[in-house]
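This report refers to the structure that appears directly beneath it.
Chains: A, B, C and D, in written order; residue numbering restarts at 1 for each.
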Amino acid sequence: MAETLPVELLIPCDPQYLSVVRLVVAGIGGRAGLTIDDIDDLKVAVSEACTNTIDHAFADGEGAPQPATIMIRFAPRQGELRIEVEDVGQGFDPDRVPVRPDQPPSLEGGLGLYLIHQLTDSVEVQSAPGSGTKVIMTKRAAR
Amino acid sequence: MKVQTKTEDDWLAVLSVSGEMDAFTAPEFRNCLDETLEKGIAWILVDLGEVEYIDSVALGILIGSAKCVTERGGGLAVVCNRTNVLRVFDISGTRELLNVCQAESESRRLLEQQRTATVNSSAPEGGQ
Amino acid sequence: MAETLPVELLIPCDPQYLSVVRLVVAGIGGRAGLTIDDIDDLKVAVSEACTNTIDHAFADGEGAPQPATIMIRFAPRQGELRIEVEDVGQGFDPDRVPVRPDQPPSLEGGLGLYLIHQLTDSVEVQSAPGSGTKVIMTKRAAR
Amino acid sequence: MKVQTKTEDDWLAVLSVSGEMDAFTAPEFRNCLDETLEKGIAWILVDLGEVEYIDSVALGILIGSAKCVTERGGGLAVVCNRTNVLRVFDISGTRELLNVCQAESESRRLLEQQRTATVNSSAPEGGQ
């Protein structure tokens, strides 16, 4: 009973399923003991990561595998919920889109990763051109 | 998400939004705004009182809408009092830019003031 | 645009995730144009199929793969929602547990498959001893 | 799912359930029932007014509970007026067995009648 198996959700790269993803965030966040406020934060963070996949991962259809999907993995643990959003799209160099945690970015774009950083307790972006993207977010339950 | 539009006193349009405003639904808000602009109205009160969720795409569309109405000599203000939605405005630093108020009366007064100021400054010699 | 890709949800064989499955049924059923009543029916039907996997598929730990999971596949189509609940457990012979659509079974058990039949528009049970189980349910949108 | 127990007039326990009653949560209902039985009370009114969902596991537990209280000389009735929950009782043919009523007053009267009948028949010569 030390660790629970993750719940996995696979959706097409289509914004109409973002609301379904948020329902699952709410359901599993509740089971993991997160507060309503924490769940609200996670809903935005996870949606942003999914929207990034939809907008950027298969940008011009090139390199898009058949079919283009988003994999979201929910791993509730002792006192925290870890969520991974993964795609096998074109990837990017995370060092070239640095997020400054201290100030909001220009409003012309680039808000997504900033919100993800602000709304979770820890974020890791694993990506490289040509090899897909995985965003790993953790939210800890307040005690 | 649903949007209801109500025109008031020939100059102000109140767009009341309910539901979730995300990458899937927010473009529909922009459609409603464009319809209002086509009728020649550029003062917009966006009532998010019944909105449970917004994300960066919705924010981007609200910011684009604000720019658009300003270019046409109008203005936009947002009413919102849900903590989780206000939080997204705060973190993104867009509360001032979007004239976010927690009470409808407040945002209405704000738009009225801006309009009076605009009318006065744009017609300095026609002043009574 | 003829056909949408399915949404897939993978959960551990654990009743605590049944409520998450129902949230997804509700979210996707809404997008597929089902009424609230139809969605309520589907929630029960899908929960019953998942409960069967939890109760019977890996009954005595034997043959249970590591890890024991339930795969739920949601395929919204023109005017209907098709949901598959699949496990790689021990399976059973569907002919030996006949469901009589005309009358409720004894109340000592055996209610699950009966409810699934009553609450959906069509059901197919693919199973055989030793080779896992797949229950395919379809609910059509009323017009 | 949550269960609240209230004892009335020393003979009746009202178990008010809210939320979803499924394979994960329904066993908790059985625990609450057993606590009540341990106190010597076997007349049970199960109020499902705030229950949004039940499935076959919940049904099985309600049926088991009804049998158990009957064996102890008591009775059980269910109050429920949500269409989707009633539908599960109807399809499974358990509405009569579980004394499902749509109004609380109705199920209360039903249990009172059953109790009067039981007391009378079990004490024929002690009758006043």
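In this text, a contact is a pair of C-beta atoms (placed from the backbone, for glycine too) under 8 Å apart; a residue touches a chain by one contact, two chains touch by 3 or more.
Here the structure is a predicted model, which means the values were calculated and not measured.
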Which chains are shared contacts of chain A and chain B? none
Gap in Å, rounded to a whole number, between the CA centres of chain C and chain B: 45
Using mean C-alpha positions as chain centres, tell me how far chain C is from chain D in Å, no decimals. 29
Express in whole angstrom the distance between the two chain centres, defined as the mean CA positions of chain B and chain D. 54
Shared-interface residues of chain C (touching two or more other chains) are 16, 19
Where chain B touches two or more other chains at once, by residue number: none
Touching chain combinations (by label order): A-B, A-C, C-D
Residue ranges of chain C touching chain D (in the complex, touch as defined): 15-16, 18-19, 22, 37, 40-41, 43-44, 47-48, 51, 54-55, 103-104, 107, 109, 111-112, 114-115, 118-119
Touching residues of chain C toward chain A in the complex: what are they? 4-5, 7-12, 14, 16-17, 19-20, 23-24, 26-28, 31, 67, 69
In their shared complex, at which residues does chain B touch chain A? 20, 22-24, 53, 55-57, 59-60, 63, 83-84, 87-88, 91-94, 97
